[in-house]
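Multiple structures are listed underneath, in structure tokens.
Below are two complexes that have chain A in common, paired first with chain B and then with chain C.
Moving on, here comes the complex of A and B:
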């Protein structure tokens, strides 16, 4: 269960790269083990919570007979995705800019400790935002089918 | 369940029955009575009659599909129409087609042995003008009650009248609708009353019929007809008032056999096209006819122990007379112009049913994906069945037409904004400002919201058709409770 969120994010590892994934798994360059906190869990829980709140708002607060077609639901799902894109980017970009990501994950160095190549770029942080957006939309989709059945007006949205 | 036999005589009789049918559809209660409509009109082709019968048949077909139980809240189409006793609704009059009145009474044979006209001929000549004797009767008696009083005497011998009497049981009631200013109604009412109270002992059920509670409404002049430019029409509205006066004078002296006699009249008179009858006689619905239908509602809702319903030896113990009034005299009558008692009977039912009809006409095709529709399987199969596709759709169209006709008549009864206003639906009751409700939805979306909400509490054990009506009844009730606030 501890690796639940990380496993999901790793489906999209090709988007943001293995090194960010390692950092988010909690890899510690000092101990050369996963002794740092698992950031996937923190971000994943936040994404899950945001998706839950937005799906709840759609099905039980808005609960509209006018806004219950599949494209209305899709709009809310995209809103959820965009919010979580921002959350994802900010979560990683802040650590990237503050230098909180371990050196062994950030750079390849020669024997003189000169940087040969940078392993994590700013664009990877943005791509993690994209992955976070996709994950949040998956959560929103699944949560919609879990909670929608008691909604008065939207129980058949997006379908079934 | 007891029957309320309603005799509608002439064109006015049919039009009042049409208004009653609309009131019943909206849910106005008739104290549990089944209505047995019986039309007496020699003009079987008149359009007022044929469209009324069509509406009643649609009503009956809709009603047949519904399953009223003790749990059912729905009052749409609550009262039943019994069409088994008089299946054709019309009580046929024989020998009125393709012959003149003179031929009907065999005036040519009123001669003595020498071939001279006899005393019968002299009497007939005194009672009937040459014009009367040459009159055809295919389209009624065209304002000649003296003809009607002879021809209509035959219906007591008809099979349908015998069937009516045989089916009559203790607890049943009779109501007679007629106008006083024409031919068929003015002559038919006294004759019918006489035939009911003095029904022959040999007729099965005669004892119960003779002592039955009988109510009647006599509709005084409320419309004019335009002068016929070709001067072919025999109907002259300038004689309406004088005929009404003469008939009232007769009623005053002789009509003591009704338990309750209602009168309704209007000073304002709409001028209709001059038509003797037939398919051209299609007068717009009028507020006066709605009021006349309310007289039937009033009569039906009297309790059995009410003193005005007691009859002994074919004579009412007390005879009552009732008239109708409104609160504000207006040419454009809305609900606030009516008295509280009237509004208590018709306002909510008409608002509910009008909301329902507007939804069916303006919205339902756009709401097929709503939860109420999907959950209850109101799909193509349902909408293509005759219940919805024919009976209900036709009835709804006729109901809306009925409202439109009343709204454009003079005086007008126009309590609703009937034009399609999807952005301002709940302003449809004139003079009533809709309340604000806590919802992101408005107009038809809010209506759909109420439908989605009430469908959870439906008794799914009833059939599809009843479920459909029950759901709309409950939703419209919620709209009235929360949004229109009547």
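Moving on, here comes the complex of A and C:
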């Protein structure tokens, strides 16, 4: 269960890179083990919660016959994606800029400890935001089909 | 009543008879022969006791005539030991066929290092039975004692003896004494070679003297519990010893030890196995062209600080043995990561599931063989002036004791590699 969220995010690892993934898994350069908190779980739970709230709002708060077409649902899903894109970027970018990501994940160094290459760039943090957006939209899609059935006006949205 | 009185008297008499152990030396005078080093009444139980033995056989006279580098080296080393605070108790002895106590005053001891003093102290100065000397010293060492022996380490078989057989027997004797000691003691050894002016008689293997005034090697054996010897070397590095300075070093510790090690994340094209990230890698692939020469590479941080080995020894890839011929240890260098001393870099042209094992070998350094005088006859021939008769037999005796029962590796590390 502790690897559930991480496993889902790793479907999109090619977007944000293995080193950001290791950081989010909780790899600690000092201990050379996964002894830091699993950040995937923290972000994943937050994304799940936001997706649940937004789908609940659509189906039971908004719950409008004027908003029960499939493209209305799609708009809400994209709003969910945009919100979680921001959440994803901020989660990682703050640590990147504050230097909280371990040195061994950030750089390759030679025998004299001189930097040979930088392994994580700011663009990788933005790409994690994209991955987070996709994951949140998947959550929104699945949650929609779990909770929509009691909605009076939208239970057939997006389909079925 | 009479019976009760008799019993009381017997009890009093019995209580008065036994001396507490350790007070055995307190009434001994300086210069008296002793059989053990330590006086328990003066010990600080948190710090080791240092027992320093200077060999005072006839062949040592040339090192102490006047002020020599020998005296400078010994004086500086003993002073640094005292100043470092590593010990509160430093006892000084002469040693040949007997152990002769010399108190604890280093300055006085050094001032009196002269051939006349050596002669006066007695003992059998005519021969150097090094095996016996080492055996005697080992008997004085317990878990709280570090022994330092300063000697020219020259064997003296004597006239008419089979020198080669003598050397082999001495080697066996040293090996046996050391092996016995190692059965019940954690121990490491440092063996320093230094140089000094020598103005006196050199006695060859047949005890024939030759007058020389040259630079000659001498040695310091340091034997004790590993943590004490390591702390000593940490506080007094080799380059701090004055006089000629340390020319060569041999160190050895007990082997087959487990050490802390971990695969370096990002050192190759692989993932760490999250269940065992320090020892297991998965999805191993060759590096792309232009990076790592298109090979599978993996680096491992390892902590070898508990072994008293020079970086030059550890970083020599010849001293490592791999179990898989498809892998090569490309380099070993110092690690900058806290908790690790060195980083090993492995590479292979083949990617296959395997358990890669790397073992750090125990060996006698080449300088011991280079410095060995096998003949011991003519000090002025074949570069013998800079060598020591039979030195390799002493070192090999010690080496064989440490590597008995097939303990020929200091440590080994294992990395599980999966595709």
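Here is the rule we go by: the second predicted complex is superposed on the first by the 160 of 160 C-alpha atoms of A that agree within 3 Å, B and C clash if a C-alpha of one lies under 4 Å from a C-alpha of the other, contacts with A are read in each partner's own complex, and residues count from 1 in each chain.
In this text, contacts are C-beta pairs under 8 Å (C-beta built on N, C-alpha and C of every residue); 3 or more make two chains touch, one makes a residue touch a chain.
Computed from a predicted structure; not experimentally measured.
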Clash or fit, chain B versus chain C on superposed chain A: fit
First (chain B), second (chain C), both or neither touched by A:34: second
First (chain B), second (chain C), both or neither touched by A:111: second
When both partners are placed on the shared chain, which of chain B and chain C touches more of chain A: C
First, second, both or neither for A:86, with chain B first and chain C second: neither
First, second, both or neither for A:18, with chain B first and chain C second: second
Touching partner for A:119 - first (chain B), second (chain C), both, neither: second
Chain B versus chain C as contact partner of A:65, first or second or both or neither: first
First, second, both or neither for A:153, with chain B first and chain C second: first
Chain A-centred angle between chain C and chain B, computed on Cα centres after superposition, in steps of 10 °: 160
Partner chain in contact with A:145 - chain B first, chain C second, else both or neither: neither
Shortest CA-CA distance between chain B and chain C [superposed frame, angstrom]: 49
Touching residues on chain A, where the partner in the complex is chain C: 3, 18-19, 22, 25, 27, 29-30, 32-34, 104-105, 108-109, 111, 113, 119
Chain A-facing residues of chain C, complex: 262-266, 271-272, 274, 277-278, 301, 331, 333-334, 336-339
Chain B residues touching chain A - in the complex, by the definition given at the top: 369-371, 374-375, 440-442, 445-446, 448-449, 452-453, 456
Touching residues on chain A, where the partner in the complex is chain B: 62-69, 152-156
